[in-house]
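Working notes, beginning with the structure itself.
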């Protein structure tokens, strides 16, 4: 089985997330990065592509899509790792030519773009994989499996949060700059950048959808054009209630994504910064620490773990699991079969839900945190 | 200096909080419990009083107030540890006779009672101390002192929560029974029993008042008449925002009261179950662990600590600090002086704010979590 | 039932452990402190006694023992809280007059004294209780109960440690001064002050005796006359092996006493600074967190707990449990009965073992850490 | 710059550590695995090589060394990931032909082999890199840097431990089987497999060598031929003292490698299972949590970190750092230059010290834990 030929849009020399995608694609050796349009600046696109030893370097993604689609051994899949506002236009070009898309989140910078992209994906034979990477962590899969199998009973309460502190003050470096510019990031600031992760994680783990929410968003740093703190109350289908907090101005928090789910039979708690642990309390019994690949971990976690318990896997391995699931699905397509039922990755529908979440937060906050439906 | 002669209303044999108050009053040896109306059932009042070796045992609190006020060496202070609906009537009797009152929280079971009790206290020369006991923890005092001195800058975000799991299922034992009966506990369930603690803690630590809130309350256990889970968004005076979560149906949580405060210069985090630790992050520097009586702890914590760092003090010592502060104030009254400016205890105004908080939560929730002012 | 009349030797105004004993004696209201020889300096003895409102104040312990023994309502028990070198002489006077002794650890400053005191105790009708207070923590009792019932199987490995940092530099304040003076503390420094606690805890929890040890002791601070760091390998009866580390020069450690026990069926871990938690791993299953008074805690812990899980009890409550066990035993003596079989406190034999431990450490270290028997 | 052409000896389909080496070599994309002698069973060697898409598959390592050395584009480096007893013979073949060797630890199964291999390496122009992988963790580098710069002062005490539980019972699966067979693993069991890691980590972090040790080793599981628990007291050059504990029979421990170092100015603590954290206490100040790539982390950690703080890197990234350091050194050789002075990897001398450590433990234990020099 040959490696999947992969291209990349965005991810030039000084980008952050592009490098993460490349490592993620490499860890399990299922992809080979051969082509790229790594920057909208031609010189940077060339230099970045050469540094990565790419076989084919392009100046823009449309040209790349056209050319690669014509090549006998052109790319089979493309990773889109640009700022948010470019996702739609770039993804569309590859989808329409049958090239599988692996796209960073949030799906798009506007709800209108998201809806158009859903249509483009539906019209295409290609797969669409969204890198809501936290769903790749083994213990997140474990939590989902335990909830699905009824181990905590009917879900009542979901507490999810994603605080950071890197935007506590006004910042002007590259990562901060585009993420606080609504033209490039979309209308949501912290809600778009990390709130969507929290929303996605809560839904993934519980298997529930948010029906409505009430959001109180703030831009605490003077002059900031998008929210840097979001307080959101959630109502899930079926009656569960939740709270979501995202913040970029909470000193002492790095990437403190955390989810807690409580049902009538038990509770589960997971924190991204210590991802190899899942706390499980069957009601009326002592709390238990389930570890990745350790006693008590089940199949869903096991199939995305690489090494023994006590040797921590981290963010890159969780991210790699999304790529490896994509590889599983792509190879099944190659073979003309269905992928194994255990294969699981965030879809364009998840992406649409994420953009709806951002949109609902912004709408609610503009109406004094009134309840709005997603 | 003789010990302060103390009486008690409520707290008979099978009560929980009465025993806590008695230990708290004993730890620093400033009080002597000499009289009590420990139960509304005469036989139980007698048996409980004898078991405690009380000098004077009463069948009802009004008789006790009348008699003790007339005695030359009658009680100087009374602890009221009954279910909530009795607080008002009992406290009034002692206040009107100049006997200092130490009353459990919440202040009363209704807002109307709370307002009347405030008037009664204002009309009395006696002191009124409310046992919002978590304000007695040394590291809570430390947090308040650090915030007041500007160490975390202007406050932006306050996250406070108090989850428990003991009412995850329908329960009929004594403690559960009256706490889920609105006639005795008041209109708030989890909001009244523990949400008030969370509200009080957030306000105490930050020095800020909640101006308005939006609350989504639920009674998840079938048949329960009061809320067992509360999700609340908070707006503080001056622009800070907060979230408050209280729950009695979150398996794996015992008394997981926790407060986190973030300003433009730093952050603080404290958890009641590990009360000797305070996490402090000056923005841009590593997180620091400040320990009770350890390096980095200041005067406000030091004056309410008893033993060296690393030897944990707990809930009873924190509770005792409220009693000891009450003793400081009462002894100053005896002496006709002002108590030291460092002396600090929850007042009847704090109690009124707490009942307003419960009332606002209930009103908001009835209006689909609309914003209401306190 | 009247309170037990208690006297105290040592524990004047600027002492540390005397105050701890007094709070411990008060918490459960079983004792009444009525007499004391609180200092060998008469003025200080008077002032300290008056501050504590003692009924009878003495200048020296021998006079106190003689007088109290003659009084109709003289003390029934005495707490000895002096520096170590006074324990023997003081305890002897009370034992010989039938007054129960509650003595701080280590038992004596020399092995010769310890042996003489054992004989004095055997010759007396009075009880002897040693305040190896860590055995009073509920979760330590829980660990002992679980091991005794076979839940971790045959014990193979015991890791115990007690690091502190307060003597990292040369110190001259009172607590440091006598504890680093071999004439008053005995030949062991860290081994005597805290190593004995670690040794006692390991033996209490496992129910095993140390048969032999090899100790490498150091005085790292220039000029220090007693060890401030001890590394000890242990061999227990029955074949279990252990390591013990005590240190007063380990920056970042306050009172980090910790014990871990591993058998062929499971493991247990407990840390004094977070005393309400006991970690239990049945081999091949997830680790479990047993909490004081929470699910999974048994009778041995329950009978020495006061408040619900999640409301931490601390050092003073654990210390109080020793006093309350002493009260249980003393009241049984009063009644002419045996105390309940669950009553448990450190005895003079435990004290002798502790002094033998110190002596063995010093002997071993002098012989280049050769193995010596206790 | 082309990728370094890499071969592998051992690491067939059902091996554990071979897969780890391959991921580690891939993460930073500096190597390309092109050839292998993955098993001593020809069929398995073929099948494993094909599964990995190797260009050249060999049945035995000697043949591979000979052939690759003659190829124009033969391998530049080889990873040796066999059981311990094969390391010497395999490494020798490649060293003598100038092919760089990256070898798993311990260096060899006997001290005699280790000494011969040192000579072989000295006689070769090729580099020798030993995968004591824990030295690749960024926060381990951070600790080393802080100690070297004097931040904790003169080192007094080093506590290091590596407990596991996977051999608590008798096990017969592949990993357990060869690791408990002295013919393949060497005379040390837990001491060889994990004790060497602990020893290496302590020395790496402190920059000190162990001069002598006293070891009490046990084989607790009936019939086991090598130690499964080791208790070791250490004496370092310069007067620091230490304890080392390794165990494979400690239920509840997965890979709980942990090192604590205390000097006269401060202390450091690091645990492998939570590797992104380093605890630092300057004496007399609050404990600080230094995080990978976070505030307070320095250059030594920064140059081996990939992603922002709060996104955990794990075991594979730490392991990859050893490979990337090897690549740095190999590329410098290609270029005929010295590698950057910051480049750092475990050498054959570290490997010799590790085998001397095992040998000393076994010798000491056979002599009733007498002190022996390394």
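Here the chain labels run A, B, C and D in written order, and each chain numbers its own residues starting at 1.
Basically, a residue touches a chain if its C-beta (ideal position, glycine included) is under 8 Å from a C-beta of that chain, and two chains touch if they have at least 3 such contacts.
The model shown is predicted, which means the values in this text are computed figures rather than measured ones.
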Pair sharing more residue contacts (C-beta pairs) when B-D is set against A-D: A-D
Chain at maximum distance from chain B, centres defined as averaged CA atoms: D
Inter-centroid spacing, chain D versus chain A (mean Cα positions, whole Å): 35
Gap in Å, rounded to a whole number, between the CA centres of chain D and chain B: 55
Chain C residues counted as touching two or more neighbouring chains: 253, 280, 287, 291, 294
Complex contacts: residues of chain B adjacent to chain D: 280, 284-291, 294-296
In the complex with chain A, residue positions of chain B that touch it: 152, 156-157, 159, 161, 165, 168-169, 214, 216, 218, 220, 229, 231, 233, 235, 241-243, 245, 247, 249-253, 260, 262-267, 269, 279-283, 287, 368-369, 371
List of chain D residues in touch with chain A within their complex: 2-3, 16, 19-20, 22-23, 26-29, 53, 164, 166, 253-256, 272-276, 291, 294, 306-317
